[in-house]
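Should a chain be cited, it is by its letter among A, B, C and D, assigned in written order, with residues numbered from 1 in that chain.
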Amino acid sequence: MDLVVEYNSLLNFINFGELGLMDNAYYPFDTYNLPYAICYRLWEVLGGTIAWLLNLLFPDNGVSRWLIGEGASTLFALILFMLVMFIVVFVCTLISLWMERKCLGRMMDRRGTMVGMKGFLQCVADGLKTFMKENTLPGKIDRMTYMWTVSLVIGVSVLVACMVPLSARWYVVDYDTGLLIIMAFFALAPFFILVSGWAQNNKYALIGGMRAAELMISYEVPMLIMIATTALLAGSFNIGDIVYAQNDTVWFFIPQIIGFITFFFCATAESERLPFDIAEAEAELVEGWQTEYAGMKWGLIMLADYFRGYVACAMVTIMYLGGWTLPFIGDGPIPEIVFLLKTWFVFFLMILIRAALARVRPDQILNIGWKVFMPLSVINLAVVLLLKVGGVF
Amino acid sequence: MDTEAVYQSPSEEEVKTLLTEKFPEVEVTKTEARRVYAKLPREKVLEVCKYIQHNLTFEHCSTVIGVDYVDHMTVVYHLSNYYNGLMIELSTDLPADDLHVESVTCVWEGANWHERETYELFGIIFDNHPKLERLLTPKTYEFYPFRKSYKLRGSE
Amino acid sequence: MSDSLVPVKEIEEKMETDKMWIIMGPQHPFSHGLWTLKIQVDGEIVTDAEPIVGYLHRGWEKEAENRIYPKIIPMADRLCYAASMTYTHLYCMTVEKALGIDIPEKAKYIRIVADEVCRINSHLMWLAAVGTDLGNLTVFLWAMREREYFLDLNVKLCGARMTTNYPRIGGVRNDVTELFDRDILRTVDRFEKAMWDIIALMDDSSIIVSRMKGVSYLTREQCANIGMTGPAMRGCGVDFDIRRDDPYDNYDKVDFEVPVLTEGDSYARYMIRIEEMFQSCDIIRQAVQKIRALGKNAPYRIKTPTKVPAGSAFMRMEDPRGESLMYLVSDGTDKPYRLKVRSPIFTNVSTSKVMCQGCRIADVPAILAQIDMCLGETDR
Amino acid sequence: MTIKYLDKYPKNLAKSLWVVKPSWTVFKLFCKTVAHRPVTVLYPYEKEWVPDNYRGRPGLRFDKCVGCGMCARMCPTACIKLVDAVDDEGKTVKRPQVNMGRCAMCGYCAEYCPVDAMTVTPEYEIAEYTRFDLLYGPRRLNYDKTTPGMEVKLEVTLPSDIANGNPERRVSLFDLDRPELTDSKCIGCKKCAKVCPVSAITMVEKGTNEKTGKPILRPEIDNSKCICCRNCVDDCPKDALEIKEVL
């Protein structure tokens, strides 16, 4: 409890002068934004120090005045804000990576990673190792496409991971169509995978890329239907609205239990995790579309995979598990931690599935996608429609 | 195909009498429990093998083995019956200057690789084999390593 | 029909897709060992396959011609790392046959125990490989965990884990150690319980079953003719097991079932192997009882002459992977004149074209896992 | 015996909800391994127990060794070589040296050693930085904690004993084999006496040569000392000695 109290006192310090923050003419958000507030305060300290030092050297200069002005503060606060958002998501992803290694190890009757902090530092070591490798390019590739596709795959994944809000006060943008935008960016990566598979001049990569495309096409549709269903139930595409709608009634996995299971599997497939990782099926396709990427590129692709896995879990949490709210408590003192715990719980389910199941064959994946998940999502929609018409929600 | 009676699980004695009656050239040298050892001239190999496969229902060809006796070479076939576990060992001698024998791949598909192996290691040519190429050794090899004339370089 | 209309068939011919050769191996995650499988694919469907072996050709048979008889036993271990005991056993049996001697009862039963432990080892290794080929690493690690207990048994028996060098011409290397029978019975009991967990992971998972069911169908005649042997053959309906139908050592004195299925698909081959592990447990129990009954001081190894009389002899045995056969020609010296090994996988892998045709790329590892590749004995 | 697995499977998987049972099995093991430790051993820090007869590197008891070279003769990888070594009394003697880079750990040297000087040892961590370091000289082959369990006894029963209805008797492979002299071939060169590691061979005068007047020397073998190492047989220039196998 002490920790919570301390955290709250810290927040109170940051919230100090909240109104002042909001009164800033350049304030980029509509509502209170915690990371921005942190960054703003941080810049007030940093920028104020710089301005003061400059002022000591050149008394009463314009730069100092500009640095503590409203516009410059907002600008630098936004730059810090980007950094903070990325670092938080990065650490969350690293934790889920560590969790996967550790839990998977225990499920397989082994220990998982062992280096430092119960194996957490192994992620850091692996990252450093891949980053320090030589940047090799295979011959006879389409070099341009090869490079920009992988950059885009990674970039889009990081972008979409950062766009997931952790609470009502922790977000990047608060669109009315937030869920759709996340979904749109989430579904963008397979296109680049297809192109990159072609650009590598490798038969395995080509087949892997085509598999990624077919996987995406067949799983996008049920996913979108289920997003629409949730939006129908909540009456909005806005993430905050969806979460608070669940807080007001019940978590949505109760009325749409079919949808929850189906969406969970679809999300697993979309993030190309085992059992649905046919695009990089290592048994037959070596490493699928990543075959020709080595060193840092491969490390970043791996990280991007976990970013996508994190986003998939976050979407399940937002849509079905009540987001950052808890029943009877609502937002609570630290909604961000609640949200992350729920996300990691969903990720644990994914790890469980990964440990228990084998890889599905491509034609079976398409069959499951079109013949099982598609009808199930439509049934789910029908159930929700009945509930809505019946006036339960 | 021979249209004679089919013996599904012949005993050792039956195999001996049937083989020697049908093919006077075949010489059954020895019989043991579930084992029949026979010798035959190389011209008759395919004919006898067809008879053994179709009429005595020896469905499985275990091996085709080459042995280099310096003055001649021997090809040994091990054929087995899936109904009573009987095995026939057919051996045929090839003169050293004319290493040709009819392939039995058309009778047992399983003999394919064994014949290829015997060809590449001993230089015994199996006529009418669908694909008589080197299998284990590189395609650029020009000698037959398992012949006695091929000495190992190092000594123990 | 007017000339402007192009016949449908012609259009179909024109629209035929390009076929692509994919070379899988020798460094490929699916090839357990050094071999290459060239597959021709039409989209995702395999239209042709050609296995290429020989990367590990060491001239084993030629090498054996330059060694005295006892020195070939450690070499026979290295034919197959997973089934070393059976190859050593087979070699010793062949030499014994050429010598015309009969070995003590106890040695026969110890060999049976060692063989069946080796069979379980090998099958668990195969199960692990099937797990990874189908994309489930948990099966791999669980199977390897079970295998470890049997490797420990090997250590207790003869001091080595994999290359056991245990059977000898005329018997076995050493007597069973004290408490070995207790250890082995415990291990077997434990294994039978633990096996159901792995089965729950494999057979109760609809994904694994659906990936193996109905692929690479072979008829009984086809299977016998292309020379496939072992569990793969029994999965196709050939009711034949050398241990039962052509018994060697004392296999006719132990009681066991030979599982046979007529489905002929990949899943049937899988099921046969799983059942064989349970049957091996039964055989081990009976043989251990027999060893106990023979008493502590029963002879387990007889002295054999160093020179083998001239002549030829062959023996065959039921390897974990199929029928293995050794043919020995002796010229009366202490070195063999010719020693030929018939490896089951050498023939089984030549059938991969028949098995892979018409399947999908993703099926190829699942199908070839059922062959249980081991390149040491294939290339020799 | 009964079929145990095939009568239960394949079963209708829809009844067990397709993928629920494997997931549940994995989850059970997860709970178990979180509460207890997993089955894996943290190798460099903890090691598995190995029995005495574990076949690690070969070990040599210097004092017991007679330098007969049986190990070098039986080694399948030819990694054993007899080298000169200085024993405790300052004499130069022949002792085996093992090239561990080639050793296959088959245990033949321990098995065929007639005096049980060679043993197997449970030492398996023998990685070195250079190939030269892998050469184990006679002194380095010594293993401090040698126990009787590390000796490999070559116990065999004679087929003739079994035929006589006395199968209990076990002897070493070398107990009864003795080299036998073909008198007409022997030239009396004393080579066998020189190479005999246990000095079981003495040259005995058997009369004088009629033409030259020199004494005729013939080896005489002390059966109680002979260990049947075959050195005399191998080194005989005229193949006059031959091992007579007792079966």
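Keep this in mind: a contact is a pair of C-beta atoms (placed from the backbone, for glycine too) under 8 Å apart; a residue touches a chain by one contact, two chains touch by 3 or more.
The shown structure was predicted, so the numbers you read here are calculated from the model rather than taken from an experiment.
Asks: Name the chain whose C-alpha centroid is most distant from the C-alpha centroid of chain C.
Replies: A
Asks: Counting only C-beta pairs in contact, which pair of chains has the most of them?
Replies: Highest contact count belongs to chains C-D.
Asks: Could you put a whole-Å number on the gap between the CA centroids of chain B and chain D?
Replies: Computed value for the inter-centroid distance: 40 Å.
Asks: Distance-wise, how many Å sit between the C-alpha centres of chain A and chain C, to the nearest whole number?
Replies: Each chain's C-alpha centroid was found; their separation is 47 Å.
Asks: Which integer distance in Å separates the CA centroid of chain C from that of chain D?
Replies: Centres of chain C and chain D (C-alpha means) sit 29 Å apart.
Asks: For chain A and chain B, what's the span in angstrom between their mean Cα positions?
Replies: 67
Asks: Could you pull out the residues of chain B that touch at least 2 other chains?
Replies: Counting only residues that touch two or more other chains, chain B contributes 156.
Asks: Could you tell me which residues belong to chain D and also touch two or more other chains?
Replies: 19, 22, 25-26, 29, 39
Asks: I need the residues of chain C touching at least two other chains; which ones are they?
Replies: In chain C, 67, 138, 145, 201, 205, 207 touch at least two other chains.
Asks: Taking the top-of-page definition of touch, could you list the pairs of chains it picks out?
Replies: Here the touching chain pairs work out to A-C, A-D, B-C, C-D.
Asks: Which part of chain C faces chain B closely enough to touch in the complex?
Replies: Answer in residue numbers: 53-54, 57, 59, 61-63, 66-67, 221, 224-229, 238-240, 242, 245-246, 312, 314, 316, 323, 325, 327, 329, 337-338, 340, 342, 346-347, 350, 379-380.
Asks: Using the touch definition up top, name the residues of chain D that touch chain C in the complex.
Replies: 1-6, 9-11, 13, 16, 18-19, 21-22, 25-26, 29, 39, 48, 50-51, 53-55, 74, 76, 104-108, 111, 120, 152-153, 155-159, 162, 167-168, 170, 173, 245-247
Asks: Which of the residues in chain C come into contact with chain A in the complex?
Replies: For this pair, the touching residues of chain C are 20, 22, 24, 28-30, 44, 131-139, 141-142, 145, 201, 205, 207-208, 210-211, 360-365.
Asks: Please name which positions on chain C make contact with chain D in the complex.
Replies: Touch residues, chain C against chain D: 67, 70-71, 73-75, 77, 101, 104, 138, 145, 148, 152, 155-156, 158-160, 163, 165, 170-171, 173-175, 177, 192, 197, 199-201, 203-207, 209, 213, 255-257, 259, 261, 267, 271, 274-275, 278-279, 282, 297-306.
Asks: Help me check something: in the complex, which residues belonging to chain A touch chain D?
Replies: Touching chain D from chain A are residues 103, 105-107, 109-111, 114, 352-353, 355-357.
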